[in-house]
């Protein structure tokens, strides 16, 4: 960390800051410029709270130098991590496509969706049994019955199942049925939940919060990693901006930048990232071209009957066509699908 | 809800949409313009998923007409709600000031802070025992020991205690010690937690998410209200924008608008809303002038020793001067402090 | 436009609003719901100011139904527009790549850049002679000398020249030298300038403002089109968000959505859209895969000597490799390069 | 400026960066930490382009240390600047209220508005003759006729006139009639215009762009100051966020922070800052309580007949009541009105 002193800071103020830093177990390196004194902090490994230094007299600002995540960083793990999931791998040369409906609505709907996405070449099945919905009056998911239907679909199709978990106490139940635990965007900084999935025996698909920076996403991944679970998949699903024609703004920059900063696999959710099914194909192709390790796409056998997110769900035949297109793009960038 | 058909939508498409709406139990009202047909939906009380309609052929967009919250709305509860908390009221003519440190660090720090803020005229004490911290390596709070210290401070000062709860399973413990359960900004859409505090026997201070709209804040309040707890206090604490000189952008518009849309009391957090102690006094005065029902302010006896948020904490003497200033502003707008 | 009356609006209020709308030359269509009355406005072709209606007693909100742009809309011009520029076309099957340095610094630098990008297959040359710089003390461009150097480079390479114009009075001069007039992001709503380029005899490359919606971009295009210039190329160059690891957030959703809403060609600027040269290749591939009609990329022979934007400029050899990669992606999505 | 080298940067890379900095006329100060080398740059007064350094091998990031503005900075001008305008002062103890309609529509409307705002105690008159409108089909203002009407209103009421100028070539004409030249939000980074008003003989009211940081606002002020005009008034008018219930989000933090960073007076525009007349009174009171030096408020004799911005305009009687309320708040914070 670097401390920038105010213009006109006194010698006594510089001495006080220096003493405080040393008291916290760090060394200092002082550089006097024409207008300002700069104090470099050479750390002892423990993070300092910037606020306590910024609060001292004569300090103008502090500037962090090191990234605040370690286990998630490529600096400490140069090779790509590959997450194995019952025969499927996320993070290798072969792209992983996860598809299925927003919510499990009933057995017939899910099995129809599962057969369709498998037929089109998807490697995993998605579907929500516990649904985070902004309004308390909306459909909240089938709960355990939904999980049972998901497990049946896996038995029939062989596709591993990805499903959301919303609270620590749901983890034992969800783990019984699911192959991958999904942390939704609204829970990306639900630290009790991150801690709990960090101790669970399942890979985790961690969605970026709609209000979160890439650094915060990586720090939330760090939470999971630091509690012992190293099977973390990052998911870019769009951020909130002022734009109103789309539900979110998919941050395509995040794909190459997360791959550069971290060794963890990155998948993209073009369904939430756009909110409009007409845009899903174009943005899916873009994500693959940008280097994503996979996609998670909403597919519903009858979107206009869907209980949630019908506007962004693909019909099975549209999804099948998209998979064909994606194969061509994957090949063009040296990947497989 | 209103459905806007695409230019050139066919008669058959209009008929299909109409039939689908009627199948969902609603009535329609069709209006044919020069360029587009508009279908008004006259509801049956249950919310429709906009996506399922938007997904139908020929539909351009849907437009919601009613606000998606009811219990939180002033339409359904024209009088201001006043939340009583062990002798203090939030929402009446008298303003409520909640003050104290970001985190409970030890008994001495908290009691010193509690005595100071009581001396300056604060009506409630804040302090975190469970701290949501973006990095897993940061100080996470003292947990139950912190709660015990808070209860001791209440015994010594008589100030009711506001403290954060981060997970449903913490509620029984926190309820034992605290007077008000705080839901932090990062948990504003943690629905499992909202559901659980909706069933708890304590008032709830609900902080707006840092990238949540006012509508979403009111929908999260609706969650709590709909589970039986009508003692909800809304808190504006700043939103995330592109501005980098401040930690957040305090949304002062939210104060009069939330008061207009809802009957619930509104308090403002100028400490998180700015991230800089030098701005706290000015923004506190602004909040009172705009009609806030109270403030929640970070005060630490020794900010440059604080374990978190030192940069935004006031010293006790600065807080005391601020209270005097706030009294003058309160009086100027017909309130008391 | 639709007018939503407040719950409890009186009959007299509805009558007043109706009368006002008719006085403005429009017809009304009234729909009475359970909770609110909705008034549909059937227009006479002239736009209404929403504010004047919203200001009337009993009105809760107004909702626009028609898009506010016409000449730019695909509804009124279903076929893709193709903009011809001295032998190059933007908007057809063949992608157009515009490349060159941020600013013209001297003859040697520009000619070296021009030869390099031509050798790699670029079809047009970019380079700024008038530079909009946030600080008055920064390099502001070479002005007319820069334009002369650009014209020399065109003579040597045959590449048409794209360069920025910042004020109406510069247009005659810039038109003498340049093939395409670029409107920068900061001037997207400089209406005096839009009006002037609308009357100029050159194609216009219109960059999206860094905090402008797609609708606003299309309305700025409408300004130019409505003044008689139909050779407009839209450019997505990243928007401003809370993310701090990148200079802007490239809005990849804009590519398919602008193509859907409008007939105008869409090019993408991955250099400004990311601010980091390491991300330019991935985001360029993504843009092509998403359906962009072209790219505008900063290339500098010696980026670490550049007078501006060195961090986002590619070296010529990196650009040449990228062009090869883009050819593969273009082919995978049925385009040529 | 500080240069942070990548972890594992080689000695040769550090030497190269050092040499390049020295070549640019600056000195270096090297600090080797456990994980990274930090290079401090001790400047020669001229600004360095960060990009050229960031582009060098082994560099991770650069961090600016000095603020990029000087003439606008309080560091270089500790006393508050007071801008005199024909008998009115902006920036002193007495608050300045500027009021009037969005646009000059006709003589009768403007004179009625002018008399009303004067009667209520406003010190200056606002009104647009040249209107920047997002749609080319909207009312664009009366032009010179509007300026003449404004001058007539000044003659009748004695109120100095504030009006917008949109292009350099309008300046001579507008200067003939107006007392203060307003730069609108969309032109905050129209550098040709900033340069031109910097050479004009009139005070300038500079509105913050809806997409601009406080630093960028101060740099635009620096443009004007550096061309010789030291009578600059800053105006906070709301920024664009994801919130949809309000037109903009008024950044109340900007008031105390701009006053801290700069000596220039700060006025607030609650009309554009909210977009809703019902919120204008509360936000005006907040602005005064936060320390603003003045307000600019839209007042129209008949808002529901207004040709633009009717939704955010106050009726004269509402404005008169607001002025009375503001006097009380001003007094409570040691100001006068």
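Letters A, B, C and D name the chains as they come in the text, with residue numbers starting at 1 for each one.
In this section, contacts are C-beta pairs under 8 Å (C-beta built on N, C-alpha and C of every residue); 3 or more make two chains touch, one makes a residue touch a chain.
What you see is a predicted model; the values in this text were computed from it and never measured.
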### Task
Compare the contact pairs of B-C with each of B-D, C-D or A-D and report the one sharing over half of them by residue number.
A-D
### Message
Looking only at C-beta pairs that count as contacts, which pair of chains has more of them, A-B or A-D?
### Response
A-B
### Query
Where the centres are mean C-alpha positions, what is the separation of chain A from chain B, in Å?
26
#### Entry: Centroid spacing, where centroids are CA-atom means, of chain A and chain C in whole angstrom
30
### Task
Mind checking the centre-to-centre distance between chain A and chain D? Centres are C-alpha means, answer in whole Å.
38
### Query
Listing for chain A: what residues touch at least two other chains?
211, 240-242, 244
### Message
Using the touch definition from the top, list the residues of chain C that touch chain A in their complex.
### Response
211, 213-215, 239, 241-246, 249-253, 255-257, 260-261, 273-274, 276, 278-279, 282-283, 285-291, 325, 328-329, 331-333
### Query
Which chain A residues qualify as touching chain D in the complex?
2, 4, 7, 29, 31, 33-36, 38, 40, 42-43, 63, 65-66, 75, 240-242, 244
### Contacting residues of chain A [partner chain B, same complex]
20, 46-47, 49-56, 68-69, 132-138, 166-170, 186-187, 189-193, 209-211, 216, 219-220, 222-223, 226-227, 240, 277, 303-313
